[in-house]
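Each structure below appears as C-alpha cells.
Presented sequentially are two complexes of chain A, the first with chain B as partner and the second with chain C.
Coming up: the complex of A and B.
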C-alpha cells in the first residue's frame, strides 16, 4: 500500500470532516455542493494514490468459490450476465473472477443474458479474459455465447425443459446442434451449476425461483450491493453462495489469488476499488454522526 | 477511434455529473443522448435476437416451430392499440400475458418464497441441519438461528395490529421494530456501497482511461 498516499488521503478527509464537525456543533447548514465535492475528494484521492486493503473471503463468498473449485474439470457452468453498462463497475469484477476461475479449472462455460444490455458485457468479458488469458480455449468447444432472448422469467421457464425452444443458434447465428459444447445439453437441468450476476429484475432471485428450486440445480449469485440484503435469506439452502457488491468481488479475487498464485499479477478491480470504497464509507459514517450532533444541538436550542 | 470514443465518454460523464451543481443544458444533452441510444439499442437487439433470430429462423427452419406463430400473432395484436378503432384487440394478448405470468409466479413464489423460506427460518437450534446429531452446531450457528427465528417472529408481531402493542406483546413488537430498523440500516449501508462503486468506476475511467493519471 502507498503509505504517503494513505497519509495524504486521511489528512484531506480529516480536514473536511473537521470543517463539517465545527459546522454541526454550531448547528449550521452545510451547502449541499460542498458535500458532493467532499465525497468526490474522498473517493478521488485514494484512487489517485492507489490505496487498497487486503481482503479475506467470508463464508458466503468462500462457499461460492468452493462450489466452482470442487466441481470436476469439464463440468458445465452457465453464467448469465443480467446487467447493463451502468452496473458494470460493480459487477464486472465478479464476472471476470467467475470466468477466470471456471476457465482455470477447465470447466465448460455457457454464457447468456436475461438483459439485452448484458450482451456486449459478455462479448467484452470473452475478449478481456478468455482471449487474453486463455487463448487455447475454443469458442463452441470450451465456451459458447448463447446471447439474449426477451421474456425474462418466461425464458427461464422454457429453457428449464428445453434450451432449443428458445435458442436455435448461438449469438453468432451458428446452429447449436453443430457446436460440440452443446452435445448432451438439452435443458438447464443438464448444467452442473448456474451463476447469475446482476442487480435488477430479472436477476439472481429469478434464477433461484424459476430455475434453481424447480430444477434442483445449484445456483451461485453475484449482485450489486443494493440487492444483496434481499438475497441473503436464500443462502445456504437455495443459493450456494453469494457475492454481495464490490466487497464480495474483492473477497472472491483474494481467494482466487490465494488458490491460484498465477493470478497474482492479473487485474483485480474488486480489491483495487475497496480502498476508495472504505474511505467513502468512513466519510458517510462521519456524516451520520455529524447529522445527529447537529440535530441534538438544534433540539437543545429549541429550534 | 478509441481515443475519440474515450473523449466522447468523458464528455458525457462530466455532463451527467454537472447536474450536481445544478440543472444545465450540457446535462440535458447527455440525458437525451442516453435515452435515444437506449431506445435504439433495445429495438435493434430485440429485432435481431428475437424477431429474426428466434421467430424467423424458427418458422423457416427445416424443422419448423409453428408454435412461434401464436406468439407472433399475439405480438401483432398488441400493436393494434396504435389503431384506435380496433385498439381494444390489444387487451387480449395483454390478458394472456397477465394471466400466464400470474399463474407462473403463484406456483414458483409459493414454493420458493414461502415453503422453502419457512423451512430455512425454522432451523434447529443445536444441530447444523435437521437429522444431524444434536449439539453439533457451534455457538455461532446457534446464536444465528436464534436471531433468525426471533427476528422473524417479533417482526411479524410488529405488523399484527388487531391487538394493542402493550405488555409482553408490546415488548415483542418493540424488538420487532428494532430488527426491522437494523435491516433497513444494513440495506442503507449496502446501497451506499453500490452507489459508491458506480462513482469509483467513473472516476477510474476519468483518471485512468481519459487523463491517464493512474495505471
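Coming up: the complex of A and C.
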C-alpha cells in the first residue's frame, strides 16, 4: 500500500506540476485555484496512502534526546506546555515524545503551563501517554500536573526562588506538601531539566532568559518550525537541544524508536506527518521554480 | 497631577526594580516577589477586562444588527458554554477539576483544536500561492534568499542519498553561520533598543502610555 500509494501520489503530483510547467514556459499565469488544488493533493494523498519516511536525528535533536537519556532514573524534569490549539498538531508530537521518553527512563515529571490553553493539553497528554502506556505510574508520585498560573514571565520570576509562592496545590486541588513527588522541591533550581514546548510568548526563549540562565538549570526546547531559527542563537550553551517543527519531532521519535524498540508500535505522529510535509515542500519548491521560469519568460518578451 | 502622579510612580518603581536586581539580599528578593505578584494580579484583571470587552463588543454588534451579527452570538454561546462546563457543577464547583469535565475536554479537543489547527493549516495554501507569485529572482539578494530557501526545504527530502548529506551540511552552515549571525545581531539590537525605550519611559520622555488626556 505504501509503495503503490507513493507511486500514485507522485504520479498525480507530477502530472499536475507538468501542466503548471507547460503553462510557465509559455509565460502564462496559473490560477490560484490550481495552486490550491495541487497543494491539497500534495498534503492529502500521503495521508490517505499512509506514506512516511525514515528519519535520522540531527545533532541539535540528538542533543535534546541525549540530555534526557543521560539523566539518572528518578531525575526531576519539568515540562511546560506553552502553546495553544493552533500550534497543537505541530508540537503535540514533541510533548508526547518527551513524556514517553521521560516515563520510560523512570524520571519524575512535573507539568505546568504559562499559557491558559496549555492546561487541557497536559490533561490530554497524561491520558494519551501516561495512563495508556504507563498505567503503573502514579499521579503525585511519578508525575504531577501543577496547572496554569497567569502572569507569564512573572510566574517564572517567582518560581525560580519558591514554587509554593505560586502553586500551593496541584491542578486537582491537592496540597503540594502532601505529594511525595514534591519532597525536596522548593524552586525551579531543584529541577534537573526544564523542557518548554511552544512557539509564542512566553515560550522557550523566556524559559532560557528567566529560569535557565539565572538558575543555571539546563533547558531543552520544542517549538513550531517558524520559531526555530529565532532560538538557534541559544544553542548549545543556553539551550541544550531543540526540536524545530514536525521535522524535529519526527527525528526525536526515530531516535526514541531506535533506543527503545518497544515503542516501534506506538503512534508516531511526527514521522507520520513528515510524509505530507515533504510532499508539500516539494510542491512549493516546484511552484517557486515555475514561478521564476514564468517570470523570466515574460521578462524576455518584455511583458 | 493627572500626569505627574503616574510619571512619579513609573520612575520610582522602575528605580526600585533596577536597584533590587543588583542587590541580592532577602529584603530585595521579597520586594521583587511582592511587585511581581502585582503584575500577576494585573494580568488576571486584564483577562477579566478582556472578557468584559468581548461581551460588550459582541452585544453591540447583535443589538445594531451589523452585517454578520449572527457570528457574535456563536462567540457568546461558546464563551458561556466553556465557562459553565469549566466550573464542573456536578462534583467540585469552582475548582480546577472542572478542566477535566467530560464536556469541557471534548469541546476543547474536538472543536477548538481542529478549528484553530485548520485556520493555521490554511497558511500552507497561501504560502504555496505566494511562493509562486512573489518569490522571484528579481535581484541578487532575492536570488540568494531564494536559493537558501530551496536548499533548506530540499533537505527534508529523504530520497537524496549522498547529495542529501551535502545538503544537510549546507543547511546546517546556513542556519548556524549566516542565520545565527543575523539573529544575534537582531537580538543584541533589540536588547539595546528595549533598554533605551525603558529609560525613556522611566524618565518620562516617552509618555504615549498615558494617553492623550
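By definition in this document, the second predicted complex is superposed on the first by the 302 of 303 C-alpha atoms of A that agree within 3 Å, B and C clash if a C-alpha of one lies under 4 Å from a C-alpha of the other, contacts with A are read in each partner's own complex, and residues count from 1 in each chain.
The definition used in the following text is that a residue touches a chain if its C-beta (ideal position, glycine included) is under 8 Å from a C-beta of that chain, and two chains touch if they have at least 3 such contacts.
The structure displayed is predicted, hence computed values, not measured ones.
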After lining up the shared chain so the two structures overlap, which partner does A:213 touch, if you call chain B first and chain C second: first, second, both or neither? first
Would you sort A:47 into first (chain B), second (chain C), both or neither based on which partner it touches? first
Contact-wise, after the overlay, does A:180 reach chain B, chain C, both or neither (first, second, both, neither)? neither
Contacts of A:291 with chain B and chain C, given as first, second, both or neither: second
Taking the superposition on A as described, I'd like to know which of chain B and chain C A:233 touches: first, second, both or neither. both
Which holds for A:267: it touches chain B only (first), chain C only (second), both, or neither? neither
Contacts for A:74 in the overlay, against chain B (first) and chain C (second): which applies, first, second, both or neither? neither
Footprint overlap on chain A, where chain B in one structure and chain C in the other make contact: 36, 39-40, 43, 86-89, 119, 147, 149-150, 154, 157, 165, 173, 229, 233, 247, 277, 280-281, 284
Listed in rising order, chain C residues that touch chain A in their complex are 29, 32-33, 36-37, 39-40, 43-44, 47, 92, 95-97, 99-100, 104-105, 108-109, 112-113, 115-117, 119-121, 124-125, 127-129, 131-133, 135-138, 146, 149-150, 153-154, 156-158, 168, 172, 175-176, 179-180, 183-184, 187
List the residues on chain B that touch chain A in their complex, please. 20-21, 41-42, 45-46, 49-50, 53-54, 57-58, 61, 65, 101, 104-105, 108-109, 111-113, 116-117, 119-120, 183, 186-187, 189-204, 207, 213-214
Show me the residue ranges of chain A that touch chain B in the complex, using the header's touch definition. 33, 36, 39-40, 43-44, 47-48, 50, 86-90, 116-117, 119, 147-150, 153-154, 157, 165-166, 168-169, 173, 199, 208-210, 213-214, 224-226, 228-229, 233, 237-238, 244-247, 273, 276-277, 280-281, 284
Complex contact set, residues of chain A against chain C: 30, 32, 35-36, 38-40, 43, 53-55, 58-59, 84-89, 119-120, 123-124, 147, 149-152, 154-155, 157-158, 161-162, 165, 171-173, 229-230, 232-233, 247, 274, 277-278, 280-285, 287-288, 290-292, 295
